[in-house]
Amino acid sequence: GDVRIMWYSDGVEGEVLADLMKRFMDQNPDIKVTIDNVAFGVIKEQLPVQLEAGHGPDIARVTALKDLSRHWLDLRPLISDAAYWDANFGAQADWMRPDGSNQISGFMTQVTLTGGFANKTLFEQAGVPLPGPDATWDDWAAASKKVADSQQIPFAMALDRSGHRITAPNIAFGANYIGADGKPAPLDKGAKDFITKFVGWTNDGVMSKDVWVSAAGQTYRAAADDFINAQLAYYYSGSWQIPNFATKIGNGFDWVATGSPCGPAACTGMPGGAGLVAVKYTKNPKDVAKVMDYLASEAVVKEFSERTLFIPAHKGILDKGDLNFKTEDPQVKAALDVFVKASKTTAPAAQKMPGWRWADTVYGALVTRVAQVIAGELPLDDAFTRIDSDVATKVKDSGL
Amino acid sequence: MTAPLETASKPSAVQHLGAIALAPVRLVMGLIDRPLRALQRMTGLSGMAIFFLAPNMLIFGIFVLLPLFINFVYSTTGGSALFLPERSYVGADQYQRLFDCSNYLDPLTCQEDAFWTAVSNTFWFVVLQVTLMIGAALVTALILNRNLAARSFWRAVFFFPVLLSPVVVGLIWRWILQRQGLLNFILYPFGVDPYTWLTDRTWSFAAAVGVSLWAHMGFYALILLAGLQAIPKDLYEAADMDGTKPARVFWRITLPLLMPNLVVVIVLALIRSVQVFDEVYILTGGGPGTSTLFITQYIYETGFVSQPRNPGLAAAASILMGLVLVVLTLVQLGLGRRGEKKGKR
Amino acid sequence: MGQITLSNVKKSFGNIDVLHGINLDINDGELVVFVGPSGCGKSTLLRAIAGLEKITSGEIAIDGKPVNDVTAADRGLAMVFQSYALYPHMSVRQNLAFGLENSKMPKAEIDERITEAARMLEIEPYLARRPGQLSGGQRQRVAIGRAIVRRPVAFLLDEPLSNLDAELRVSTRAELAALHARLSSTMIYVTHDQVEAMTLADRIVVLRAGKIEQVGTPLELYNTPANRFVAGFIGAPHMNFLEGTVSSVQSGNLVVALADGYQLAIPARETSLEQGARITLGIRPQHVTLGSGDKSIQAKIKLVEALGSETVLHTEVAGQKFLVVIPGQHDLASGTDIDLSLSSAPIHLFDKDGHRI
Amino acid sequence: MGRAAAFILRRRGGKGWHWTDIVTWVWLIGGLFIMFGPALWLMFSSFKTPAALAEFPPSILPYTSQQVSVEGHDKPLTLYDVTLPDGTTKKLAEVRRIGLFSQMVDPAKPDETIRVNINSRKPVQELSFATENYTGPFVHFDFFRYLWNSVFVTVMATLITLIVNSMAAFALSKYEFRGRSVAMLIILATLMVPLSVIMVPLYSIISALGLFNNLWGVILPTVATPTGVFILRQYMLTIPDELIDAARMDKASEWQIYWRIVLPLTAPALAVLAIFSVVWRWNDFLWPLIVLSRKELYTLQVGLSIYSGELNVQWHFILAMTVVTMIPVVLVFIFLQRFITTGIAGTGLK
Amino acid sequence: MGQITLSNVKKSFGNIDVLHGINLDINDGELVVFVGPSGCGKSTLLRAIAGLEKITSGEIAIDGKPVNDVTAADRGLAMVFQSYALYPHMSVRQNLAFGLENSKMPKAEIDERITEAARMLEIEPYLARRPGQLSGGQRQRVAIGRAIVRRPVAFLLDEPLSNLDAELRVSTRAELAALHARLSSTMIYVTHDQVEAMTLADRIVVLRAGKIEQVGTPLELYNTPANRFVAGFIGAPHMNFLEGTVSSVQSGNLVVALADGYQLAIPARETSLEQGARITLGIRPQHVTLGSGDKSIQAKIKLVEALGSETVLHTEVAGQKFLVVIPGQHDLASGTDIDLSLSSAPIHLFDKDGHRI
């Protein structure tokens, strides 16, 4: 029968998938797979509407995995080898299933991890050594500042305008958003500490203010372009930037991935990523399971990851460590290796976030309010109370 | 009297094509005529009025009015579910929440501080943008209406931005205005230091106004241009004979007779500036801080982006916005009605 | 101050030639009437003088200064448009005031002039109305009013009285004449009304298909039309034309044979007519009397039109149409034969090209 | 030349520059830069590589670094202008860069490597058009199918819009009937509703009518645009009622009056609305995105949107496709704008 | 087929009353001319009959059927608008064809009718042009053409010839008369032209300020006007009125004293006039002759207008304006005193309310 996949792309992954599916259809002539390429906006805003109406594709690549989990199909009875799935994708299975079930909804096409990038050339030119793997946020701030001062660049560091991004250092500083009842807890000391420090940095000109003030509300803004143009010494973003840097920086300068700087509590990045899930409104669950089985098979996952430069979620592949990313740029390989390594040291608090229902709620409140503080519209203390009350209201609104 | 046979309006190739294309239309129109004549006999002129109005109203009712009504129902419900049956009735709670303020002049004292910030930003935006828009569109239309060489080229120049999608508009201007953008690049040789236009509250607001002006001015200019064409030429001749200065011709002849079309422009400009979103969202994202956060962005974020969504609150905000617009438009039309009557021959 | 000179003025719309080289001198303070058949170019010429229509070639000069490149607004003339061209969005009062306000006239004087013009044109009751709420004749009067309040150096009036009733037309005509006398401004006046043309004009210009046929005082044109066209055009009902051939030329006398053998002796001026030449006799309907006599012809009545003060007989003379106007009311039946006497009629002679002999 | 200049710089009336002439030309030239400049820049930018797009400061024209093939190296090398320590400048090709220094060769003497500080070299730029921005999407997506869908939606929606709106506008401008002001008011009131606000209810209605994943689901909700009714109605108000009277005396039915008298006389406003409708429908994005979730049904704008990912937007493709998709609307505009200047309604009256 | 009955038709625009109860029967095939001063309501009445203007009260019936609620398109009349109202976007040919196409006439017949009408109105050369490219008179002819090609049961013509030159006017008038005779369709004709009214009308309706003053045949109105208004309105130049008082009433003779003591004896019909009653004498300018005699008065010439075929003397008699029309051209200077003889003049008498005695 027909299987439709709703897919968005940040880079070449759409073409790779199309390639793989062509191969699949050659092997399974009875199944016709159609890939509906869409903008990420469609996945984020329109797919929920469709799903609630009981429409939707058969398979979709989604990031709001937990939020929409009640629409996912349980593949467990349909796939050929549930044990293989549990073994290799079990770590993230909880991110995409309704709380309290053991459903297999799908698998992560890619896991991402937040982390930093340094402009090695700038550091060299400034004669400042790159801080080591265990360097703290303060170390990086100090080093970058030196570089910025000597190289006359506008800002030393930047951190994407995103609640997800800022949560990584928050956790490193000991934050825990999750209350005892599983609902959001008020901001704790760890979070407040880092946010205070962060706001201080933006005021001092260490941290780029532009990216945070250049939007209102929860809008995502990245500082990647500044990094690409050598306007930043240090940029905290995530693994997904690697292909982007590879094409846009070229050999303009040397850059390195540094993993996540440490805080008092941990040295951790934030995991995330997109998952491929089956939708329960499908008319051909069997065929869907076949497609999913194929895409989740070790060889396919490996090929997919190698060609897209994505970090796979597949435990077996990661453990083997024989990924051979298809790139000629040694910097890319090195960077990917850094992230693959870092993914193994992610703090448990960070690991829990993607599977936590209220994560986006907290992220949203954080971004909105911290940005207002940086823009000078709100005192920091007010922001903390506002964040707490915003989150509380949302929880109340949802009627749960 | 020997007037030669008509050669002045020899049909051009385009007209020929047009005639061929029109032939089937003629036929169809002719065919419908007979039943419609019967209808007209039966119902009289007012019946025909209803007939002409009906198709529009039908489509309109189904695809605009009905959703609007549903939207109102939304505003009385709570929860994050998108579809009505799954939502709970909360009465006027959402409205109450929007109006929960201890001091209406200071948005930060409100429960929904973002809403009130957006309201005040939108207000100033509308005031500024609409005045400038009407002025600019009018000047452009007047100039394009002159006997210029290469008229179509100039028209295209001013209309061109309208062809661009808001996303592209926002993008181009962000690239122009950002710290290392084209503008700073161009200004640098003139001794202007690179400036971060978009992270300065005043400048980014001005940019939001300017860019939306840039993007939509051609639209209004075109409406006015068509309106200018409808003014009988002999009135200008009469004014010329009366020794009227161009400025006075404009104020006393052009403007009053343009009134029906000017009303369109004023009303549409007003409504669309209240609804401003896409290009500004791409351009400034509402920043810096919340200085260019407008109502539609608030509605969009509340209803679609934030987790969990709050469609009820978004609907309530949109209903409030609609109400304000209705009032404003009625005022406009009240003023315009006089003009309309005036324009009649 | 109001002398207008046209030198070889030509005008075409696309490839339609409308004016074929007009030469005309209009003196300061003169009242010139343009007459001519519908579509002959009167309005176009007026608009060209006004500066509303760019002429194709030639020159227009006002007071000796060429004005080809001067805009209408700067020529300082006033015009009554054939189509009125009233400002639809202004009240009658505003329509009248508009031109005056342009020249920054004090309000009191504007009011005074409007009051005067409104009284003169009998439009006082409508001053507050919009043109759309007026009758055709009322609109036309507003159009006239708009021109006269301006008191310009020259007026251009394009059939300004065509939609007025007889009484109003007479009075307005008289007012215009008085105005002309008082302001001594030049006036160019287009009309189709014979009475208007004859009574108002200092000189009449007869146009035909974009060319001037004759220029002269009204009685000059009436009594000595330069050609058959002018003869037929001036005078209502139009002059009768009888085609004939010269059958004998005696000193001081010309005998003309009409179509069916009638012979008519005409006292002729010195003439170079040959015997047998084709000739046209022109006789005005008013100069024919009933009754047989010296120079009489027989006619058959085709139609009788009683106008009250006079009776128009449509007759046939020698197979040609022949109009007779006799004063008073007469009980004549169509179909009867009557005798017409030409003894007191001045007879106009035209050669075969239509030129006056 | 002189005549051409005189033609182009035609002025109001006769001789001399009137102030309105000056304003006109200032406005036009200013407009050329401000209105057209950015658009032109967009056009050039669509030929830039992703790297060049992200480059600061931006260039106006699409430049890339010049490459040379040098003997002994498999791949072409990038050419640089290098300031040598002795102050002379030379064109050298870069073999590789290590840290702050780069190894360079003179293409003429490929054997000799020179060590150069990276700050004393500057890439040699040349004009180059990245046509792959244009060709790429043709490979990625089913361009002609999308084009057809777009054309279908645009043409149908525009036709229906014109007919339905002009009929309503006719009724609202030339008839006196009960409920006229109410109808007008309703139409105006709904002008205020942004689409994003009624999206969810509208979506329910579309699904209920079975128009989901159907091009008509895109077309129908847009055709009763209040804007169109409003524009046309206001324009029709300026058509003299006397012409309609005349047609009635000519035994024309109301339908004939509508389409033989009123429609032709509304041509300028219809042209305006047609242009708008084409632009809107062609650029429509949000709504088709919701209704059309299958790629066979995608319109160009929806197809184009696939380059907007979560974390990365492939602007080079988007710009190139924006330019491509703009061509038809520009043509439509150029064709239709001529009808805007045919206002003749008044000339049939005395 | 074309009988039109108006019963107590009233029309107001807002609070402006325009028609005050019009009662009129127009017979099938009759040609009725509406005359009246500008703004008296002629056009409004015509538009009401056409169905273009909703009447405020009263009833309009065509062929006995009330048509108040019948739309203009269904009344089957044709109209020539005072403002022409040509379709500006159609060529002349299309303007003419439009009405015929509406009644689904075969193409060949449409062409034939257009050709005929165009020939008749001399607009063949302009068939391909748009109205905007025509002269005023040409437009007016197209407007007439549009009505006549239709051959309706009734024509409504609102000043259809006002912008035509004299010659064309005469010929078009004749064509209209012929058409009327041929189609025997009812015609309602509004005109300000005396000659048109007198020659065309079966009956003339004189309107004044929204009321009918008199209805009758042209000569009836001319010879026995019902009141001073009609007397003054019919006939050009208008009738002279002399105010006076009855100084003695003798059997068969009435002596009237004019303002400055003149005494005028008038043969009076049976009359109930008292001595001392205020009275108005009406004398048409054409009925006055020069020279002293039986009934003569002295006048002072104020202005002499030479029309060619006749001369109009504006004089003053007993301090009142007095017009005299004498045939031919005369060399009279203004300011001279002349004797006028009224011996052959029918004298109309009106009482102080203006009613005919």
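Lettered A, B, C, D and E in written order, each chain numbered from 1.
We adopt the following convention: a contact is a pair of C-beta atoms (placed from the backbone, for glycine too) under 8 Å apart; a residue touches a chain by one contact, two chains touch by 3 or more.
The chain list, named the UniProt way, goes like this: B, D = Alpha-1,4-digalacturonate transport system permease protein; C, E = ABC-type sugar transport system ATPase subunit.
As the structure is a prediction and not an experimental result, all values here were calculated from the model.
Touching chain B and chain D together: A, C, E.
Where touching is counted per the definition, the chains common to chain A and chain E are B, D. Relative to chain E, the chain whose mean Cα position lies farthest away is A.
Central chain assignment: B. Criterion: smallest distance from chain C-alpha mean to the mean of all protein C-alpha atoms. Across the two interfaces under comparison, B-E and C-D, the one joined by more C-beta contacts turns out to be B-E. Per-chain CA centroids place chain D at a distance of 64 Å from chain E. Chain centres here are Cα averages; for chain A and chain C they lie 93 Å apart. Inter-chain spacing, taken between the CA centroids of chain A and chain D, is 34 Å.
Computed centre separation for the pair chain A/chain B is 39 angstrom, with centres defined by C-alpha atoms. Counting partners per residue, chain B has 1, 3-4, 8, 40, 45, 82-83, 180, 232, 234, 257, 304, 343-345 as the residues that reach two or more other chains. Counting partner chains per residue, chain C has residues 13, 37, 39, 71, 73-74, 82-83, 136 touching two or more of them.
Shown for chain D are the residues that touch two or more other chains, namely 12, 56, 200, 204, 240, 242, 253-254, 256, 345-347, 349-350. Shown are all chain pairs that touch, namely A-B, A-D, B-C, B-D, B-E, C-D, C-E, D-E.
Residues of chain D touching chain E in their complex: 240, 242-243, 245-254, 256, 260-261, 264-265, 267, 344-350. Chain contact summary for the complex, chain B toward chain A: residues 78-83, 86, 88, 108, 111, 114, 179-180, 196, 198-199, 281, 284-293, 297-298, 301, 304-308, 310, 313. On the chain E side of its complex with chain D, the touching residues are 47, 50-52, 71-73, 76-79, 81-89, 98-99, 102-103, 130-132, 136, 139, 146-147, 150.
Across the interface of their complex, chain C is touched by residues 13, 16, 35-39, 42-44, 82-83, 133-138, 141, 158-159, 162-170, 192-195, 198-199, 218-219, 222-223, 232-238, 284, 286-287, 305-310, 312, 325, 327, 329 of chain E.
Residues 1, 3-6, 8-9, 40-41, 44-45 of chain B are the ones touching chain E in the complex.
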